Amino acid sequence: MASNIGNRIRLSIFGESHGPAVGCVIDGLPAGEPLDWAEILAQMARRAPGRDKTSTPRRESDTPELLSGTLGSAEQGDLRTTGAPLAMLIRNQNTRSGDYEELSRLPRPGHADYPGFVRYQGYNDIRGGGHFSGRLTAPLVFAGAVCRQILRRRGVHVGGHILEIAGVSDRRFDPAAVTDGLLEGLSVRPFALLDPAVEVPMRERVETARMDCDSVGGIVEVAATGLPAGLGSPMFEGMENRLAALLFGVPAVKGVEFGEGFGFAGMRGSEANDPYAYDKNGRIVATSNHNGGLLGGITNGMPLILRAAVKPTSSIGREQDTVDLRAGANAKLTVHGRHDPCIVPRALPVIEAAVAFGLLDAMETERPGD
Amino acid sequence: MASNIGNRIRLSIFGESHGPAVGCVIDGLPAGEPLDWAEILAQMARRAPGRDKTSTPRRESDTPELLSGTLGSAEQGDLRTTGAPLAMLIRNQNTRSGDYEELSRLPRPGHADYPGFVRYQGYNDIRGGGHFSGRLTAPLVFAGAVCRQILRRRGVHVGGHILEIAGVSDRRFDPAAVTDGLLEGLSVRPFALLDPAVEVPMRERVETARMDCDSVGGIVEVAATGLPAGLGSPMFEGMENRLAALLFGVPAVKGVEFGEGFGFAGMRGSEANDPYAYDKNGRIVATSNHNGGLLGGITNGMPLILRAAVKPTSSIGREQDTVDLRAGANAKLTVHGRHDPCIVPRALPVIEAAVAFGLLDAMETERPGD
Amino acid sequence: MASNIGNRIRLSIFGESHGPAVGCVIDGLPAGEPLDWAEILAQMARRAPGRDKTSTPRRESDTPELLSGTLGSAEQGDLRTTGAPLAMLIRNQNTRSGDYEELSRLPRPGHADYPGFVRYQGYNDIRGGGHFSGRLTAPLVFAGAVCRQILRRRGVHVGGHILEIAGVSDRRFDPAAVTDGLLEGLSVRPFALLDPAVEVPMRERVETARMDCDSVGGIVEVAATGLPAGLGSPMFEGMENRLAALLFGVPAVKGVEFGEGFGFAGMRGSEANDPYAYDKNGRIVATSNHNGGLLGGITNGMPLILRAAVKPTSSIGREQDTVDLRAGANAKLTVHGRHDPCIVPRALPVIEAAVAFGLLDAMETERPGD
Amino acid sequence: MASNIGNRIRLSIFGESHGPAVGCVIDGLPAGEPLDWAEILAQMARRAPGRDKTSTPRRESDTPELLSGTLGSAEQGDLRTTGAPLAMLIRNQNTRSGDYEELSRLPRPGHADYPGFVRYQGYNDIRGGGHFSGRLTAPLVFAGAVCRQILRRRGVHVGGHILEIAGVSDRRFDPAAVTDGLLEGLSVRPFALLDPAVEVPMRERVETARMDCDSVGGIVEVAATGLPAGLGSPMFEGMENRLAALLFGVPAVKGVEFGEGFGFAGMRGSEANDPYAYDKNGRIVATSNHNGGLLGGITNGMPLILRAAVKPTSSIGREQDTVDLRAGANAKLTVHGRHDPCIVPRALPVIEAAVAFGLLDAMETERPGD
C-alpha cells in the first residue's frame, strides 16, 4: 500500500493525472456529521490551478461527485455522513494524451519519473505525472475540507499562511496568541498572508522566475487552535509523527518542523522551555509557545504550530540534462506546457487539509484522558 | 498503541526510566543474519550517558540481554537471528525513586510531564520521565545496531555527524559525494564531525551553557549510501514519510528535512533539480543531489541525506515558572540532578539508528522493482 | 476503519446498496499485470443476482468502471496494472428508495439493522441494507477476479464448490488430490459441484423453502493449489488468521475451518498428522492432507483447503417479531420484496474472491524463504 | 511481523521454547487500571502443563516478571497500569537442549517443523518447537488475564468450557441465557464443564489414547456477557474478523464458528433469525441467540458465543513416516518425551484469553455509538 493512511479514519487516495478520475475513500468518519458542500468547494477552489487571483466560480467539470457515505443532498443543505466509507471522485478532463513518447524516454529532473520508472518497471502511467501528479492532492483537500467541518464543531480550527516565497517572508504566527478567528479568516483566502504588504513582492519574485523560465520555492506555516491537552501518544504515535507522515505525502514538501523547529538549534533551554501558569479562568496555560503546542508528541493545549518547506516546481521551461532511457545515452530535455512557477500558494490548502485530516483521525483514535 | 512502529519489521519499545527495565521486541527480522555483538555494544556506548570523551568500556550493568530471536552466542561469535521476534532488555540500575513528590505536582517546562499527566490521568510513572525518558532511546539504538549490520551486507551504509551545536556549524555533507567509507568511519565516533576543528568551539559553547545552568540545541545530519533506486511508494509510504514518522519518535527532535529541506525555499527550480547522466559504468546517476536521494518519496539511487533539529535539553538548573497541580496555583521549580547541557552528540546515534531501522523495514517491505 | 483490509495490498471497499455506487480501491497491486476483462465480468456474473441457472450475458448497467490504476483497454486486450491504486465503481440502478419508513422503525431479525442503528446512532443509510448489503460483495468479487489472474501466472489456482445446502451434501474435495484443472473448471461454473447429481435435490430444498416463504443455509468449500511451502508467519500472521479475517467479512459467513476443521475433534493424532515423503520428482510432499495445507499457519506445499458456513438468508417473507424503535413497543414485521431463498451459490464466488485476495496479499507481503 | 496483533491495544509476543524466556509487550492499555496479581497467576496456572487435576500452587519458577507499564506492587495490592507499554517475561527453565540433531533432520508430521524450515531457511530455533511452541501461549494467557479484569470493571465477563473431547460432548451454552456468574465460575476451573458428569468419560478417552501412544482433539466453547450493542464495524473490522484473527493464532485451532456456526447449514431462516422484543426493563433484547450476539460483525447486546476446534496433539509416541532433510530420503520418526495426549483443557484458558484481549481492544478502539 502507499496512498493510504490513518488509524481510525483511513484515507485511500486513487487516480492518475490523465486517467479517468482521481478521488478518495474516507473510511471511519463519525456518523451524522453535517457537511457544508459550499465549504468543500471553496477549499477545493483554493487548490485549483490558475485561480489564486480570481473569484471565478469553480468549473463545474472539476466538481467532486459523492459515491457513498452520505445521505441528504448538498442542494437541500441536509447532507450528512452515514458512517459508511465516504467515496468521492473527480473526473479528469482533457486527458487526451498528446505525445508522451518523449517523456517516457527522458525522465524529468526533480520529478519522480526516474524513481517511478524503476519502482514500477516502466508500467506506471507517466502522462502528466500519473499517480505522482499534483492533481492527486485534490482528493486530499476534499478530505481535509470534510474533516475541518467536524473539527470546528469540536472547537478545533485549522488555518495557515504563506510564510516565505523566494526569499520574501511574511511574519510568523505569534505562537501563543493565534486565535480561532485568525485561522478561520486565513483558511478561506486564496493567497493567505499575515502581512498583506508582502503579497506584491512575493508575486514579483514569482513573475520574475516565470519570465526566466524558472520556478521558486517557499514555506507555509499552519496552526490549529482548540486542541485539548493530552492528545497524542508517546514515541511513534505522537502528533508530530502522524502529521509528518501525512505532510511528506504532499508533493514537493521536503521539510517539516514544529514550534521553533530548526530554530531550536540556536536557542538555549531557558529560552526554549514554555513556562506554565494558571490563566484568569483557572486553566493551565503555557506563557510562551516555542514548542508549537506539542511536548513529547502530545498536545499541551496551546496552539499547534508547524511549518513545511516546499521546493521549487520541478517543471521548468529551461533545457535540462537528463538521460534517454531507450537510447541509453545522455540527452537534453525541455519541459513544455504551462506550469506553476511557484506551487506554494496552492500547496497551502493541501497542507492545511493534511493537518485537518491528521487531527481528526487522532481525536477519533484516542481521546485525551483515555 | 504508541511505542510501536514498522511494516514488515515491527519494533515495539517498552520501559520506564525508573522501572525494572527498558527493552524492545523486533518482530520480522530476516532469519539467519549474523549479529556482531561488539558492534551492538559500541553503538549503545555512543548513546550512553557521560561517555562522549572517553573510551571507558561500557559498564556491564547496562548491557542488553537477549531474550529470544537468536541462536548461538556472542562469545563464540556465532550469534544469528532465527526469524522469530528478537526481544531484548536492559535492567535499570539505581532506580531508587528518591523524592518525586515535587515532580508529581510541578510539571517541568519543556518536558512531557503536563501533557503526560493529562493523557494518562496522573497514572503514568513520572520518575525520571517514565516512558518519556531519553533512556527509552537505548532500545532504539539496539534495534538500529542490528539493522545496520544487515543493511551493510546488502551494500547500504548509514552514518552521520553533528552539523550544528549552539550556532557553531560543521560543514554539510557533499550530498553527491558521500561514500560508504566516510559513513562507516563517522558511525563509530563518539563526537562525529566532518571538520574536527569545530569540536573545540562546540564544546566551549556547551560548557558555557552548563556554567549558566542552561542548555543548547543543535542539528544532526545523517546519510545513507548504497540504496537501490526505486525504494519507497508514493504519497504516504514514501521514504520521507516513513523516516519522519520514526525520527519524530526521538525525544527533542522538532524538525526533519531531506536534501536541501528548508533551504529549497530560497532556491530556483533550475538550481534545485538534479540532472541525470550515465556514469562511466553505464549507470544512471544524478549529477547533483539537492533532493537528498528522494523524489516523490522514492529513492533515485543517490545518497539519502536528511537533517533533524534537536531542541535544547529541557532540564535546566535555573528556576522556572510552572504550576502546582495539587495546589492549583502558580509555582516555581528548580530541576535538580545532573543533566546533559546538550543532548545532540547522544542524539546522533539514536537518529542514525532510527534511519537504519526505517531503511531495513522498507527494504524488507518492498523491494525496488517489485 | 472497517471496510479496509490487507498488508502490502490494501483493499478499501465503499458503497451503499441504494446510494450512487459501490466500488473499491486496491492499493499495492504489482505493476504490469495484464488483466483479462472478460474473466473479471465472468466472475462478477457468478455473483450477480438471478443468474445461477442462466447464461444470460451480464447486464451492461452492472459493469464495473475503471477509474485508475490501469493502462490500455479491455477492448484492445492490452489492459495492464500500473502499480498505482486501482479504483473501480459500479453504479447502482433502480435506487428509488420506495418507502423505507417502516424499515427505519422495525429492525429485521437476523440483519445488521439493529446493531447498525446503535453503532451509527441512526445516521446510517438503511435502504436495502446500506453498507451492510450483500451488494457490497460485488467489489470484493472484482478484486478477487483481478488477484486470481495474477495468482494463476504464479502457478496458484483457486476454486471451490457448494458443499452443502439445506442438509444435502456434495462430496468433499479429496484434499491431497486437488488439481489445478479441477479448480479452474469449478471456478467458472454458476452452481459448482463435485458431484453434479446433488444439484437437483439441492435446488428442490431451496425451492421448498421459497414456497414456505423461508430460506436455507449451507457450506462452501474452497481450495487453492500451487502455493509454495513456507508462506505465512507464526501466530497472528498465519494464513489461517489472514484468510479468516477476510472470510468473516463476507455477509452471512458464521464459521470457517481449515483441513478437517471441526472434524479434528473426533480424530486421533495418528489419523490427523500428515506424514511426509519424497515424491518421484524428489519433492517433499505430505501423503495425506488433513491439515488443509497449513501447519502453524504456514503453507506446507499441499493444497489449501477451507470451508465456510453460510447462514440462511435473513430476509424471509414470514411475519416475524421485532420492536418498533420509534414507538418503543413490540411489533410484527413482514419483509417484502424478492430475496434469495438461499445465498450459498452466490456466496461461493465471493468466498473464492476473498481467498484469492488474501493469497496474493500474502505472497506480495512475504515471499516464502524470505 | 507476525506475533503482533491489535488495533489500539497492540500485543507483541516473543520467545522460543528453549531460549532464555517467553513474554509479551502490551502497548496501549488504559492507564490506572488495578491489576489483581493472584488472578493473573490463577489464569496462568489453568494453562500450565501437568496441572489440570491438581490444586498445586504454581511453581515459582514459572511466575511472570513485570518489566514495565505498572506502578505499585503485587504484594501490597496496589499494582496499577501506567498506560505505558506493559512488558512481561517468563524465564524458561530446563532449557538444556539435549539432542536435537534428529529433530533438525526429521520434521514431525502435524507440526510446523517443515513449513518453518522452509520459511526460515533452516535458521529457526527448533528446540521444543521454538517460536511455534505451545509455550508461547503463556504470554497470551497473561495478556488475557490483564484484559479480563479491565473488562469485568466495564461489565463484560468472559468464560468457557470444554464442549467436546474425542467424541464425548458437554452440553452447549444456552446462548440466550448465559449469565455473568456462570462465566466467572467457569473461568476459574481447571477442567471447566457445564455438565460435570462428562468429565470422567472425557478423561477416559484421553487416557485410552495415551495408552495407545496417541492423542485426541476436541472443541471449546467460549461466551462473553455484558457487551454493549453496537460494538464492531462492518466488513473486515467486525468482531468475528478480529476474534478469528486472534483465535487462529492459538496453536492447534483449525476452526472457528459464531452462534450456530456450521449448524446454520441445516437451519432455515425462520429458525435462525433472532426476533427482538422489549424486556421488562424496556431494553431491546433478542428472544433467541442463534447468531451468537453478532449481526453483520457488530454486537447486538446478546451474549457472544463462539466455538473453536482443537486438533489432536501432533506429538505422539507412535512411529510415523517423514523425510530426512539432510539425507534427502524417506525416514521413520518416533517422537520421544512426554506430551499431552489432549491439549483441549489447556487450550481453553488460552482461547478465553484471546477473546478477552480482542474484546478489550475493540472496546478501546471503537466505542459503541461512536
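Things worth noting here:
The letters A, B, C and D name the chains in turn, as written, and every chain counts its residues from 1.
One rule holds in what follows: a residue touches a chain if its C-beta (ideal position, glycine included) is under 8 Å from a C-beta of that chain, and two chains touch if they have at least 3 such contacts.
A quick note: this is a predicted structure, and the numbers were derived from the prediction, not measured.
Chain centres here are means of the Cα atoms, and by that rule the chain farthest away from chain C is B. Simply put, of C-D and A-D, more C-beta pairs touch at C-D. The mean-CA centres of chain A and chain D are about 45 angstrom from one another, to the nearest whole unit.
A straight line joining the Cα centres of chain A and chain C is 38 Å long. Rounded to a whole number, the gap between the C-alpha centres of chain C and chain D is 27 angstrom. For chain C, the set of residues touching two or more other chains reads 1-4, 7-8, 13, 28, 84, 119, 121, 131, 233-234, 370.
Residues 1-4, 6-10, 12-16, 19-23, 25, 27-28, 31-32, 65-71, 80-87, 89, 119-125, 130-131 of chain C are the ones that touch chain A when the two sit in their complex.
By the touch criterion stated above, chain C contacts chain D in their complex at residues 1-5, 13, 107-116, 118-119, 121, 131-132, 136, 164-167, 209, 212, 214-219, 228-238, 240-242, 244-249, 251, 253-278, 282, 284, 286-287, 291-292, 294-300, 307, 309-316, 318, 320-323, 325, 328-330, 368-370.
Residues 7-8, 28, 30, 84, 233-234, 364-366, 370 of chain A are the ones that touch chain D when the two sit in their complex.
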